[in-house]
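Got some structures for you, see below.
In what follows, subunit A forms one complex with subunit B and a second complex with subunit C.
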Partner chain A sequence: MIRSLLSGDMPRSKFLGAILLVILICLAFAPFLFPGVRTVDTAARICIFVVLVASYDLLLGYGGIVSFAHTMFFGIGAYGVALSSTHLGRGFDSLIIGAGLGAILAAALALVIGLFSLRVRAIFFAMITLAVASAVAVLVSQISSVTGGEDGLTFKIPRELGPAFKFGKDLFGGELLGVKLNGKLLTYYLIFGGSLILFLTLLRIVNSPFGRVLQAIRENDFRAEAIGYRVVIYRVTATCLSAAVAALAGSLYAIWLRYVGPDTTLSMEIMIDILLMVVIGGMGTIYGAVIGATLFVLAQNYLQNLMSGLSSMTEGLPILPELFSPDRWLLWLGVLFILSVYFFPTGVVGRLRGQR
Partner chain B sequence: MTAAPEHAPTMARTTLRDRLAPYAPFLLVPALAVAGFLAVQNPASWLTLTVSGLAMGMMIFIMASGLTLVFGLMDVINFGHGAFVSVGAFVGISVLLALGQMTGAPSLGLNLLAVLAAVLAAMAATATMGWAFERVIVKPVYGNHLSQILVTMGGLIIAEQLIIVLWGPEEIYFTRPETLKGALTFGDAAIEKYRLVAVGVGLVVFAAMRFVLRRTKIGLIVRAGVQNGEMVAALGYRLRLVFVGVFIAGSALAGLGGVMWGLYQEVITAHMGNQAMILIFIVVIIGGLGSVEGCFVGALLVGLLQNYIAFVEPKLALISNIALMVAILMWRPMGMIPVVKAK
Partner chain C sequence: MPEPILSTTNLTVRFGGHVAVDHVTCAFNAGELTAIVGPNGAGKTTYFNLISGQIPASGGTVQLHGKDISGHPVSARTKAGIGRAFQLTNLFPDLSVLENVRLVVQAKAERGFNLWSMVSHHTDLTEQAENILQQVRLLEERNQTVSELSHGNQRKLEVALLIALDPAVYMFDEPTAGMSVDEAPIVLDLIAQLKAQGDRAILLVEHKMDVIRTLADRIIVLHNGALAADGAPAEVMASDVVQEAYMGRGLEGILADV
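Presenting the complex of A and B:
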């Protein structure tokens, strides 16, 4: 049962399995284990980023293709839900339409970009996605009549998902283990369930024959072509799949925040976050996404406190307080990023599985 | 002994099309200028737009040329190239601001001296930085594109953040030196003086680069290295040293481009390198990775097209570059002047 759910890709390390189980349990019961607005928000962000990072890993870790447009696909999904909810009225149907259209648009865009760049050289893809993604980001903030520009869009999700919606009054008296049963709780479980399904789908994809061919192409594309696999088709398909999943993750994020804006979905900083999560967790293992995203989101929330502590400790010394100021945490992420690519290329999961 | 049979081969005459094909990219630039003239329909504005397009193209070329050569020679793709642009701009502009008395004086000589000092300081800073970048960041990941992209991207982030630490997060506004302000008028057309300077500097850099690559021994080694590095190494040249030299020179040029770009915009931010990077990538892709001439033509095309479109239909200006790239890649998938590699 578990084996088929995980598509035969077991964690292959007791310690790793234990960590994954702990993370799963914590996320599954987050509203009950850690009641509080901020912690539940953190848990939802972890769920969504696990899916986003896993979809990026399909491209980077399994396909060996670097893309800088992943936030663009993420944003397309988020804006899809926001626009459909704004124009079609609140309701589950508009959420589904928005998410579906977003995923289709993202896949189509990925197909076009992939066909243009991947047929020549995989390295073109990195450059072209960077150019296209930044053009789209500027475009979104320019056409403010549709997208709300820099301010973004705030929209209404179905009443059943709002905090004002209460249920279970008769059965449990409106509370379960001290947690109020309201729409926010439902939203969290919608996010959690959606993320879990997408995650297992990705696990299925990378462990299918398709995933094996993709890995073969990553290792030696010339040889894969010689054996008879059409390298371009496999790479483009991987790009489209990963874009569609990223868009769906974006839709979930938009539903959770009930807001979309360029900063939360399209910015280059999120792209860098994703890169870092993949590298820390371990490229080429979908489980790496879980570890990477969890560690990173937790660090993001709590590391900044540490840095402001360091900054005030070093007060009076030259430059040091500036270096440790919480606004400069991207600097330290960059250092961490380079160090992990050099010394830690298989990431946490690779280390735990004993691959050197 | 019989005479050799009559042999009078008839060579098929190459068609005009075949003979023009190698020059097609170079003809695109005047063709685009003519198309721009038809679209703008006003000689005065066309002249202004063309000069500013050429100026922009020259600056992009200066920034991009190092990147394309580094790729051609060692197959190293440097996503951190934009960092050199930002650092060059910040160092250069700081020097200019420090020399406020010289830039404020209405004397061409003093102004140019100040700009020269700024440019030299910027190029020295970025050359040193390029050397360090190559040693620390790029060297361990030769031959692995994936790690190169990731690591150099990390380098870009660090450089950007260090600029913010050293110069503060706000953008810095300033004015150009006194004699470079204002415009010259030809009939109805007003042409900013600085843009003429930029075009001049770009042409000089391009000519110098071509001279070094085509007429000197070191240029010969570099060109041979681009075509077949192993063979050059086998002949006893230390290609690694040549490569470090090219990397440093490319970084210094990016620094020069940064100062010029800063002077053009009259504002510098830590993210300017990142933004320039997007244009640089488009230019090196449409030019053909590794080709200096292609990079030059590509830069001029991007500069001209962006200016014409911004005048005719401002809304389309954003996607004009992407559209240009798509069109060129449909025409020649490896870029306009593909580099032939002996493999």
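Presenting the complex of A and C:
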């Protein structure tokens, strides 16, 4: 049962298995274990970024294809939900239509870019994705009548997903273990469930015969072609799948934020974050996405708190309080990144599996 | 005269002003092992590249079973029945030995586009791959990563991939280069077995005279990209053309140099 859910790709390291289990439990019960607006928001972000990073790893880690357009696909899904909810009215049907169309558009765009550039050499694909992604980001901020420009769009999601919607009054008196049973809780579980399904889908794909062909292409595309695989078709298919999953992750993100804007979905900063998460977690393993996204999102959200703690603890000592000042959190994030690449060149998961 | 499996007609390729393969017209029959010889730079490997499609031809055609495949990409030629092993080992270095062969068997079964089933459920493919590893005496190394294998074992795996493809035309490019004295006979026996099946055409680029003597039914000599001689081994070795082309040193003299 578990084996089949994980598509036969077991963690292969007790320690890694334990970490993954802890992360899964923490995310599954986040609203109950860590009640609070900020903690639940962090948990939802982790769920979404796990999927986003895993879909990027399908390209980079399995297919050996470098793309800079992943946030563009992420954004297409997010804007899809926002636009459909704005124009078709709030409702679950709008969400489904928006997410579906977003995923289809993302896959279609990936198909076109892929057919144009993956025929030649994978490096052209990287350059073209960079150009297209920048163009789309500019376009979105320019046509503000449709997209809301730099301000983005705030939209309404179905009433059942809003904080005003209460349920379970008769059964539990509206509270379970001290947590209010409202629409926000439902939204969290929609995000968590959606992310889990997408994650398991990606895990299935990379462990299928198709996934093995991608690995073969990454290792030696020349020979993969010579044993009878049409490399360009496999690469393009992987790009489309990855784009569609990224778009769906974007839709979940938009639903969670009830807002979409260039900064939250399309920016180059997010693209770089995705790259960092893939590298920290470990390329070429979908589990790396879980570790990478969790560590990175936690650091992004809590490194400043940790540092202000350290700063006040070291008060009175020379230099240290300055060094740990919360304003310098990006410096420390950089240091952590360099250390992780130095000590885990194959990522955290690669390291843990290597020691088995 | 039976229909040849593979033939090339006026096959030519130019790199700038240099003609690397010059109007080579040649047919290869079932059950026949043809050794392709010639000094370094004579165009042997380039001729192979033209047949298997890695390099597009400037002129001429390649026919497989009488059908022109000159415009086909490499993967389509492979599916049609042209199998190629490479001179420099050309494998999937970070995958296991078994996975390397399994990928070929999977390509042959056309299951590469299976996105949803687990690899571990395709047990028939794994069994086929293990059988082939057994044939080249690599079964014990099945779970090793290719990059950990010895050079000789990598060469054997290279041959295993070709056998897994089970093509109509086998193209070997110095299959025993760099192999130890113990390992080379395993590969040569396999090639002899393939020849004995009688329904495949085998092309072999080889420098070792003893290998050619034991295996070849026919020798073709390439010189400056052109076909200089074609015939039974004894005939070719004695022929005046070859003697002259190599300035009186004869074929064996040339081969002894390399």
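As a convention for this text, the second predicted complex is superposed on the first by the 312 of 356 C-alpha atoms of A that agree within 3 Å, B and C clash if a C-alpha of one lies under 4 Å from a C-alpha of the other, contacts with A are read in each partner's own complex, and residues count from 1 in each chain.
Note that in this section a contact is a pair of C-beta atoms (placed from the backbone, for glycine too) under 8 Å apart; a residue touches a chain by one contact, two chains touch by 3 or more.
The structure displayed is predicted, hence computed values, not measured ones.
By the touch criterion defined above, A:P209 lies against subunit C but remains apart from subunit B after alignment on the C-alpha atoms of chain A.
Counting residues of subunit A touched by each partner, subunit B versus subunit C, the larger count belongs to B. Contact with neither subunit B nor subunit C is seen for A:R258 once the two complexes are overlaid on the shared chain. Contact with neither subunit B nor subunit C is seen for A:R353 once the two complexes are overlaid on the shared chain. Residue contacts after overlaying the shared chain place A:K156 against neither subunit B nor subunit C.
In the superposition on chain A, contact of A:L331 is made with subunit B only, not with subunit C.
Within the superposed three-chain model, A:F116 lies in touch with subunit B and out of touch with subunit C [touch as defined at top]. Of the two partner chains, subunit C is the only one touched by A:G8; subunit B is not. Remark: subunit A residues 60, 64, 66, 116-117, 119-124, 126-128, 130-132, 134-135, 138-139, 142, 268, 272, 275, 279, 319, 322-323, 327-328, 330-331, 333-335, 337-338, 341-342, 345 touch subunit B in the complex.
Subunit C meets subunit A in the complex at residues 52, 54, 73-76, 78-79, 84, 86, 90-95, 99, 102-104, 106-108, 111-120, 122, 161, 165. For subunit A in complex with subunit C, the residues that touch the partner chain are 4, 7-8, 204-205, 207-213, 215-216, 219-220, 222-231, 234, 237, 241. Within the complex formed with subunit A, the residues of subunit B that make contact are 77, 79, 137, 140-141, 145-147, 149-151, 153-155, 157-158, 161-162, 164-165, 169, 274-275, 277-278, 281-282, 284-285, 289, 318-319, 321-322, 325-326, 329, 333-334.
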